[in-house]
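A, B, C and D are the chain letters, set down in written order, and residue numbers restart from 1 in every chain.
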Amino acid sequence: MAERGAVESRGVIHDLGYRPYTGPRQGEGAIAWALFVNGFLNAFGIGRSGKSKVLPFLLLALNLLPAVIVVGAMVLIGLPDLPISYAQYASTTQVLLGIFVASQAPVLFSRDLRHGSITLYLARPLRATHYALARWAALLAATLVFLLLPILMLYVGTLLGELDAGTQTEDAATAALLVVLLALTLTGVAGLIASVSVRRGFAVVATIAVLLLGNGIVTAIQGIATEQERPRIGEIAGLFSPYSLYRGAGAALADLDSLTPPTGAGMEAAYYVAFVALAALCLGLLVLRYRKVSGR
Amino acid sequence: MTTLTLDAVSRWYGNVVAVNGISMTVGPGVTGLLGPNGAGKTTLIALMAGFLSPSAGTVTLDGEQIWRNTDVYRRVGLVPEREISFGYLTGRQFVLANAELHGLTDPGAATERALEIVEMVDPAGRRIGTYSKGMRQRVKLASALVHDPGVLLLDEPFNGVDPRQRLHLMGLLQRMGAEGRTVLFSSHILEEVEQVARQIEVVVSGRHAASGDFGAIRRLMTDRPVQYVVVSDDDRRLAAALIAEPSVVGVTVRDRGGLDVAVSDLGSFVVRLPLLARGAGVRLVELTPTDESLESVFAYLVSA
Amino acid sequence: MDTVVRTEGLTKDYGSVLALDDLSLEIGPGITGLVGANGAGKSTLIKILLGLLTPTRGAATVLGHDIARASAEIRTEVGYLPEHDCLPPDVSASDFVVHLAMMSGLPRVAARERAAEVLRHVGLAEERYRPMGGYSTGMKQRAKLAQALAHDPRLVLLDEPTNGLDPAARDDMLGLVQRIGEDFGIAVIVTSHLLGELERVSDHVVILDGGKLLRASRTDEFLDATGTLLVEVLGDDAQARMAAALAEAGVMTQARGGLIALEPPNPAADRSGVPDLHDLVRDTAADLGLGLVRIQADHRRIEDVFHDAPADVTAEVARG
Amino acid sequence: MIPINATIARLSFQALFGRRRGLVLMLVPALLIGLAVLIRVLTEQGVGYELVDSVGFTLALPIVALLGASAVLGPEVDDGSIVYLLAKPVSRHVVATSKYVVGWLATLAFGAGPLFVAGMVIDASDPQRALGWLVGGAVAGTTYAALFLGLASVTRHAVVVGLLFVLLWEGLLGGLLRGIRWLDLGAWGTEVASAISSSITAPGTGLTYAVTASAVITLGSVWFAGDRLRSFTMRGDE
């Protein structure tokens, strides 16, 4: 009889039943961070069905196209200077930027309201205010990627083209600062509109109307103001649309061509204050909106 | 006398066959269209309501083709499953709009009559957006009744409606059927179909699984033994007597008392049972056929 | 810890509608059915317990936490399955449940494991990787249940989990609710329109009507026998002949649809000579050669609470 | 001529102005005209006329047409409740046309009309020019409304697609590549406007081409929307 010896076969049936969770549970900070990351990825369609990746990446590609061409030229032909300044770039692709922010804001705000999944967030520890802030930050990050990527490419292009690193770094840095201010305001406006209207289509049109129509009107006023040699009016008008704010602030810092650049320290300061005020106002209203939605 | 006839109707989307060779006639009275989710009920109703063209076969109302024949809607009332989105209209405005679209001579009177039938006269002034689920269903029914149609098609009318309003809606449908209208409603909640429609058409994964009275259908399924639970004051002695019966296929003792009896021939078993019990001196405390309800008929058809 | 939920004088007054009216009740562990017509206050109560809605008056505690002060703690330990649609169509169930587990404070790795575990328990196999837009109603309800369990709550609030399900899916869902209450050791509060379900699943039932507590007791108390016996016979003119024979034997009968309802014998009357009702039915059927299809004790059902006009029911329920 | 169904028109009218959408629809022209008045007050006559073209015609008009068309048809197709209009003895083409008429009138009233008003406010001395923009705006508005109605009957994302067409195709690319004018509704409208007033430069497609192309797109889109409604399936929610 074969001696079984030390090894005796032993069958174990693991209990596949429900096992309670005993691991760590993180605080609101970590939860908000997780929501931010999820929102940022969703803004580019990552984590969502294939179809939803088309629009964001198409717009991003179109946005980067001019930068690629410039870098290509720099490297191959070697241009003495950037044909388009860092700060100039955001103005030229403002339509693409407008559509990107307008079409992606509903993904972060209207979607949860339309599909009712907002209830699942509000029935969890994260407070409504933090939910709104995390979503807003995600849209800001996505917009910054949209704006900073081309600047980075141009910057790398200049380094490869052995242009003078000092001035390039300085120009790029100032452009980056201006772009952050622009992103803050665009995210505020688009986020607020998307959080108010549940229907995606309507939110997109409303945001586009506010951004592009607003900019169109301000530019028209500025044109007339210069024609009438009364630039003051143009400068004031410039305070009322994110894009004109950007051009105005950029005129002083990065010699951006603006029809009626702000003259005098007071007016320049007004542009920066307007930038921050508009962003803060929209963010405040956004948070209020979600406090109301959560019923408290 | 309005009759809806489907003759060997099929409908497919690409290679997904939603409805497969179904022939059915729906006459006056209340008919329940029954089947699991995805069985093709909504597709069938869409075919009958002229919102889908049959890929094969014909769908006719009293001989007249339904597809792309908008005149049919003079005699057909439809209550779709979808929510109404005209939240900005009041109940009366919505029903009135339906009446006008039918080109009725006196849309106002027709609207009031329809609202009375579904007992929605008082809240009719309020906007639909403020209505409860039950009230929305009743307004939808009123909008389908306003032109006094001979045929009424309802897709899942009781979904999400609470008990009181469900009983009320059921009463309404029974009254419609009694008036001689041809009423067909789809549902997958058996309690509803059981209480309202005696005539059922069962559809399973696109095929016409059964039609007629569900009790009769159950008996037709002779290849399926009828399951009985018998509780007596001496189960084992009764079991010994039962197993000798040719109509009994199997007996199992239930752990909480009573016997599960599988019977092949219902007719002879029920006649023999009292005699056997009296002979064995066993008192029959409880006797219940456990699988005659629609639920089990349904389960058999689904698993067939 | 016995009481899972306790409310004292909980009231929610929307001005036009009094959603909850001075509601004081206690819900213990196990599975409790919450029953009521549309607008009876079920969803309002659930939202207040979750801290999504502030009550006009009154107080409540959930799992020992006071809803006024410790609302965040409650929302960490409670799972919620809303009645309305709440699933984004372009996200897969797996990604969604992992994400929501993280929203409840679980780190990513733990969230991923828990999600896979819970999705297996609710019966979502490889469909969990497809976008939820293409799910059947049954699969959507399973995904909604999975997100309510992902963070291992001590109490789950299920708002009409079987809504829109066909019989097969409904039985699965009820089986799941029962396993959650019994095997998983999680307290369950479940609402439903189909009262038959709650009879099968819950061991306690709370009935709300117009924001007030109509009745709260163990489930079996609702289903006490009424003493009447229902009999069904088969054969030519079976029902009439059976009824006549029983009448001769001194038993009052009523026709109820296809059945015969035998009134319970008057307890006071002298019962010595009269054979037991069941034997009487058996022997009469045997003598007449009729098929005996059904003998059943007639039970009251929760639904009957709705049939009786609300007026007399509230009278029956002692106030307070 | 396909008759218009008054009830459907009334329902669409209520859909358009029954909700917030109507507010934005009126806000856009109000902004335009308000601006024109502001300019006229601050400057002499004729200054800032490009406002009418660059903001009014190129941006405001298509946005108004998009809002109008997607309001009269979008939501009902989205959630399937258009079934209530289709389960009626009313031809589906009449349904489409009735809805189109409401969207069209809204576009004319809040898109094309304001161009004339703004033009007259800025330069009352050249009514011919304002009239040019009015007629050009009407033609472009008519085609935009029809195109967007057709889009709304076939996709849930009609608004985004419409915007991409107007802003990217006609706007950005239109500015770079002249060839696009042959497929640019705005250009056709401008061509018509230039035929009426010499002070408007013609994109160069020729009046007959512009008018016939506009008519073809308009009739084609409305017929397409009607045909889509004829085969609307109750399950149309994917």
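The rule we apply is simple: a contact is a pair of C-beta atoms (placed from the backbone, for glycine too) under 8 Å apart; a residue touches a chain by one contact, two chains touch by 3 or more.
Keep in mind that this is a model prediction, so the values were computed, not measured.
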Please give the intersection of the contact partners of chain A with those of chain C.
none
Look at all chain centres (mean of CA atoms) and spot the one farthest from the centre of chain A.
B
Based only on mean CA positions, could you tell me how far chain A sits from chain B in angstrom?
53
Chain B and chain C: spacing of chain centres that average the CA atoms, whole Å
24
How far is the middle of chain C from the middle of chain D, if each middle is the mean of its Cα atoms, in Å?
54
Whole-Å separation of chain centres (CA-atom averages), chain B against chain D
48
Residues of chain D whose C-beta touches two or more other chains
75
Overall pattern in which the protein chains touch one another (line/ring/star/complete/other):
ring
Contact pairs between chains, per stated definition
A-C, A-D, B-C, B-D
Contact set on chain A toward chain C in their complex:
17-21, 23-28, 30-31, 34-35, 38, 47-49, 51-52, 111-112, 115-117, 119-127, 294-296
Quick check on the complex: what are the chain C residues that touch chain A?
47, 50-54, 72, 75-76, 78, 80, 82, 84-91, 95, 99-100, 102-108, 110, 114, 117, 121, 131, 133, 147, 151-152, 179, 183-185
Within the complex, chain D is touched by chain B residues 42-43, 45-46, 49-53, 68, 70-74, 76, 78, 80, 82-86, 88-89, 97-98, 100-103, 143, 155
Help me check something: in the complex, which residues belonging to chain C touch chain B?
36-40, 136-138, 160, 163-169, 193-196, 234-235, 276, 278-279, 281-283, 285-286, 289-297, 303, 306
Residue numbers of chain D touching chain A in their complex, please.
20-21, 24, 28, 31-32, 35, 38-39, 42-43, 47-48, 50-51, 54-55, 58-60, 63, 66-67, 70, 74-75, 156-160, 163-164, 167-168, 171-172
